[in-house]
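Note that chain A is present in both complexes that follow, paired respectively with chain B and with chain C.
Showing the complex of A and B:
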């Protein structure tokens, strides 16, 4: 590679943000002395249209072979100046941005002389780096305008509808036999007062109108080869043991269900009840036809005797899909308290908030639990969230509001209810605060505890008592007799999360899926073409889940709709002469982007360009120093370091 | 070293620690101007060779502002960055460079204060040597 000998350098005042503390003219004078710098200018605003045009003109008229812009953080204007270079016919990778604002003039506004010295070194390092810069070409690959959406909860269904509206073909893949995810379990919902069933029916009825959405239920992705634009996905569809043409007759279905001898705990009701091997969680559940749970069905054939639409001979089916992008919408699990945590599973009237939601649905006029009419309910907040010592440090966000809303619903629905809330400070943010006010006006009692002094649940022979040192009354010890103690459990990542391994999607500190940046790139992962949204990314209520799922849908569509995708060229490359194939790099790469090939009669490593994410984890592990990262080569890095040390 | 302020080279990461260093500037949280930052995609991409080059060229300290558990590439980042440190410490030992001159700490994308604290502490530590 040749060193550059016609470099243009632009040093920005940023109004006065830089020039108040850094003597930009002095910086210019110093760098103008460097041999290969043919143009050096200061500018009031480098990003202004007029300056951009001037840079374009300079590049073209003087045949510049590289440019350095010293201004604000590259997070703001890296792309602006890449575009400037491109407009002038210069490769955008022959441009280097140097940050003399956030990391110089502002950081050292207390020491202007030293700030100027530092700015000079920084700009010199940019010139040294750009000297070794290589013109990089983005590879273009074809892309299918097909998106696979994993999980048909509220987020997945919304993503699918949005994508279909935008013109992409959608495969919606749901692991359960029915759509809806958690929301279908909840009854009335804040803030719409609609029931979960109604919300899901509305979405399902819309979804089936689209010709460009194919829904698979009882289905799971079992492998993925391909990469962005061309994922090769294999889906396994478990048998439902019901013929697809079945027209459900509710009375007949009930007879068949009654005939089934297998009874298992009903997870839909969080084990408050049992169900049969053939089941439908509620009448209006979608798809309309029931399912037979293959894990528990004994194939005894009792149901087949009563109904011709049952076919116990059905087998697993496999479908291959080619897709341009994937959206993970796999949601969350409710936190399952440990045995003994606030008396859970040891004291019989201690249940969780999800169980309470089901209990309300299962009861009629009165709220009954274990044959006892419920009047005094104690809610213990933040169970499995905001743990000082436990694993889950985060706030689960939905639960304060859901508890307060549920307490209001219970009060309206059943007679003589008294609600006692044992909380760690209420987080009904935004407008949801109105529900908090309503509950307070209803006469609900709010008591607050510290982390160090959580409430204690105990049995005293007559019933269950919750004791608390209430912060709101200066630590007064209060005991409340409760007929039902509800543990307000938070959200945790899905226990069965094999999909993370299959797609190599990164998991964050909280063990939920991890985005690239929570504010700048909130639905993208480092795996190009794999997006995340909804509660699989971290605790969210429905409206937050839906907003993120719409954003993921538009991101996915914009990625694949052109039929062509440009790949980032800053990826690793291997010096095949130096490589001795020790396979250290293969072990270091989290993306399986390195393979063994034959070159000049020996085994060497090779980078699969479409899989390499340019993270560089392979660079330091190579004992032969045979790997470099484009844009961060030894030449570039060491030239920068030398210039800075000067 | 008594008459000279030490020079520190920081390897920051594009998505995680560099935004924190930017934020320190935005908040005008001051740290010594002899701190120079070079950006890399991920802290587990820093080569020992670059670190040794920095010492060779006259830097007194090198600091890796690591992605830690926030790394968007892989969970193994913390472990891999730690591996780079230990492998480089061994090489530094061979060349007679004190191991305290190479430090690492996880700097999250909003950990501006912690970055500034680290820099002030590191600069003090190096001036004392």
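Showing the complex of A and C:
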């Protein structure tokens, strides 16, 4: 390692984010005294283009051998300044970022003198560390131009088509036997007059034209052993019990379905109806071939007697896929109210919004529920969202509009319907406001409750009553007789979310998948090569989901299309002389990046470079101190600590 | 007018705000050659002028400036600032022609170092549009401290042609002979990212904006809260006093048929909630009240952010303010219906912030000659397949990103830009 004797130090005002509390000029004066610091400057915005150019110029003109920037979190700008170093011809790993914003000015805004002292110490420690920094070279690995898209709902199908258009090979993996996700369950969709089924058909018909998309239905990812560029994914495909070449004859299919003796609640209709073990949710559903639900089929063989295309002997199949990137598009589940929540499951005419939407599709001329013609509908909003006491603090975003649109559809489709909305303030944002206006003009009644005083649903013998203390009439107690009470249930993350564990994809406070940064990297996760889009990331309507899925498609494609990916060189390395192969590091590594090899006649550990994330978990457990992390070596860390303790 | 040789690129991105930059970077990363045209003096759009952004409270400049920097430095992106596009014609599939008009800055961009010596000497002072008229600027000026490119520009409308700037410029960059230059342009696809305009609150006479000095717009408040704020504190304009009882009036110019804008602007609730939180930090003794119809905290983390504001002591009143009157001391009386209590009330505040809504940028439509681009009933660019291909317009090969298609917050604008770039790439490829 060469000694650094020309270090440049830049201390950022961050506008006034830092300089309001930290005396940046004093920091500069203090660190300027340090031997080997040949340039020290303060700057308004270190990240601004002009400053970046100035740093490049400084490095080149003064032949600097290392730089330290004291500014914000490295999370925000580590790469920005690494690039600056690189542009100036300096190895980017001879750069250290010190965070004096989050760690000094923001944390200690009440104590500016101490905040300044802390900043001085931190910058000194950064200078000490950069003294031991080593030039590191990025490694490159090959990347498959193959993307796995998980979930064939509207968002996943859209990602798949876009990726295929951009030239990637796509594996589209759907857990259900049919594609379309939630959208196929809905009737007319807001902002268009297309139905969910029609929208999905449009997508599916396009999807099957692509030779570079392979669709698996009834399929789940069960393991992954690879990393970005080279994910190694195992997919389990459950049998459909129908021969692949089956040509579906609707009449014959109906006879087979009629013959099936098994009857189970139909989840497609949110349990409003039942279905058989052999089923198709609707005639134009894709793929065209029906499926037999293995969890409920009794293998009685009645269906096989009627149809040669049925094969109850089919077994699980396993497929291995090599992929460069993965897009998670697994969508959401509707919130399932607790028994007794606004009378749910206790009072018979209390249903959820998804159930109402299916009810509309299942009914003809009149809206009938439990043999009763419906006239007065009460909608109770924010069930399972914006909870005051419950876990779901978030707003589910789509439900206000969805409910209002459903109320409009009902008004148009059925006669003599009265809609009563019991809401917590309506959030029909943007142009969706027009739907709110339309519903109001239709004569819908909007009543609003306080957070702490939700409406009460009760049964009074003759019918169901919703009582509310209404904010819009300054607290009047109002009771409304309702034939049907609709709980406007929000979106929750998928209940079965094993994929999060398999891919180690991060979950946020709201339990949805979490992006790296909502503005800077909105479809990427901290796991390189694993992207997220659609409602699995948080509540979104269709258009918003599709925007994110298109975004994710272009990100995934730009990642894998070059055929190679640069890896960070900040990974662990092993001193094979010191290693005694105790196995501790293998146990500590969450990425399975360490293996046993033979070296000089003994067993030693070795790092698989493509898998190592530089997490550093292996370092402290090594009893021989035989592991070091490039870019974070013991020498660097000890120098920092010494400087901080000075 | 000077003529120049034809330029040819894969994609023309119109607008150098956050959506335009994002779309350009995406396409450039997919290896397409992009020309990014910005009509204003600097890249960064509206976002670069904001303080912190909801709901993460990230410093806006800290997010925007590196994006701008990345855009400028990308080898596949060519940038024209202070330039406009006109006369876009679709000649055939994957062939659009247009005219790029490079407006004169009266400064040689390549020579100017942004030293601002000319600015020091310039005797003319006019209102600074980048500080939303809160302070003044010179007739020769760097638009704002983090502008990019960071070069001066001569505001010829207000320049008195005294020649002082020319005399002091150490690099002889001032050039009063510059003229607009027309450059013919050929591209394969177009992305419209022309952004939005802010509602002009002088249209609502009963709020007294422009007449009552202590009634300001949210954008003016935003400028008082940025790191590079003009007063280094929050002051009310009439007497420079630090306000301690601030009111926000939401839906100023949105959800309001009387001003011709019945739709919701989608961002004002949240930026007001954000400003309220920042104000409680900047003025710890101040009270902040928000007068609203509803609070539309619908995005990821928004509702939690709204709850945080309530927890910090921001007061929310349900009721639309009907009228503002001014007292002699500059304080303001707000008359409104308190919906929760069902009473007409009058309250006094010492500063009123109008949470002005967003309106379409009418320029977007005028850029296209043949075929014309369709817009919706509010004059936003019409999305012809909003559900399955949100960026698509009536012209194949022309895509829309960000607020050109309707009100949108920053995360949504960025996603829509990503979507537009994907569609544009596919159009060129297939």
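Just so it is clear, the second predicted complex is superposed on the first by the 451 of 646 C-alpha atoms of A that agree within 3 Å, B and C clash if a C-alpha of one lies under 4 Å from a C-alpha of the other, contacts with A are read in each partner's own complex, and residues count from 1 in each chain.
The criterion applied here is as follows: a residue touches a chain if its C-beta (ideal position, glycine included) is under 8 Å from a C-beta of that chain, and two chains touch if they have at least 3 such contacts.
Since the structure is predicted, the reported quantities are computational estimates derived from the model, not experimental observations.
Of the two partner chains, neither chain B nor chain C is touched by A:352.
In the superposed pair of complexes, A:590 makes contact with chain B only, with no contact to chain C.
Of the two partner chains placed by superposition, only chain B is touched by A:625; chain C is not.
Put simply, more of the residues of chain A are touched by C, taking chain B and chain C as the two choices. In the overlay built on the shared chain, the residue A:111 is in contact with chain B alone; chain C does not reach it. Contacts of A:203 after superposition: chain C is touched, whereas chain B is not reached. Contacts of A:224 after superposition on the shared chain: neither chain B nor chain C is touched. In the superposition on chain A, contact of A:497 is made with neither chain B nor chain C. Residues 509, 517 of chain A contact both chain B in one complex and chain C in the other. By the touch rule above, chain B contacts chain A in their complex via residues 7, 9, 15, 18-19, 21-26, 28-31, 33-34, 36-42, 44-50, 53-54, 57-59, 69-77, 80, 83-84, 87, 109.
Put simply, chain C touches chain A in their complex at residues 18, 26, 29-30, 53, 56, 58-59, 61-63, 65-69, 72-73, 114, 145-146, 148, 150, 226-229, 232, 255, 262-266, 294-304, 307, 318, 339-343, 376, 378, 380, 386-391, 406-408, 410-412, 414-419, 421-423, 425-426, 429-430. By the touch criterion given at the top, residues 13-17, 44-45, 47-50, 52, 72, 76-77, 80, 154, 158, 162, 165-167, 189, 191-192, 194, 199, 202-203, 386, 393-395, 397, 425-434, 437, 471-475, 509-510, 512, 517-520, 522-523, 537-539, 542-544, 546-548, 550-555, 557-558, 561 of chain A touch chain C in their complex.
Of all residues in chain A, only 73-75, 99, 101-111, 114-115, 117-118, 121-122, 125, 506-509, 514-517, 525-526, 570, 588, 590, 613-617, 619-620, 625, 629, 632, 634, 637-638, 640-642, 644-646 touch chain B in the complex they form.
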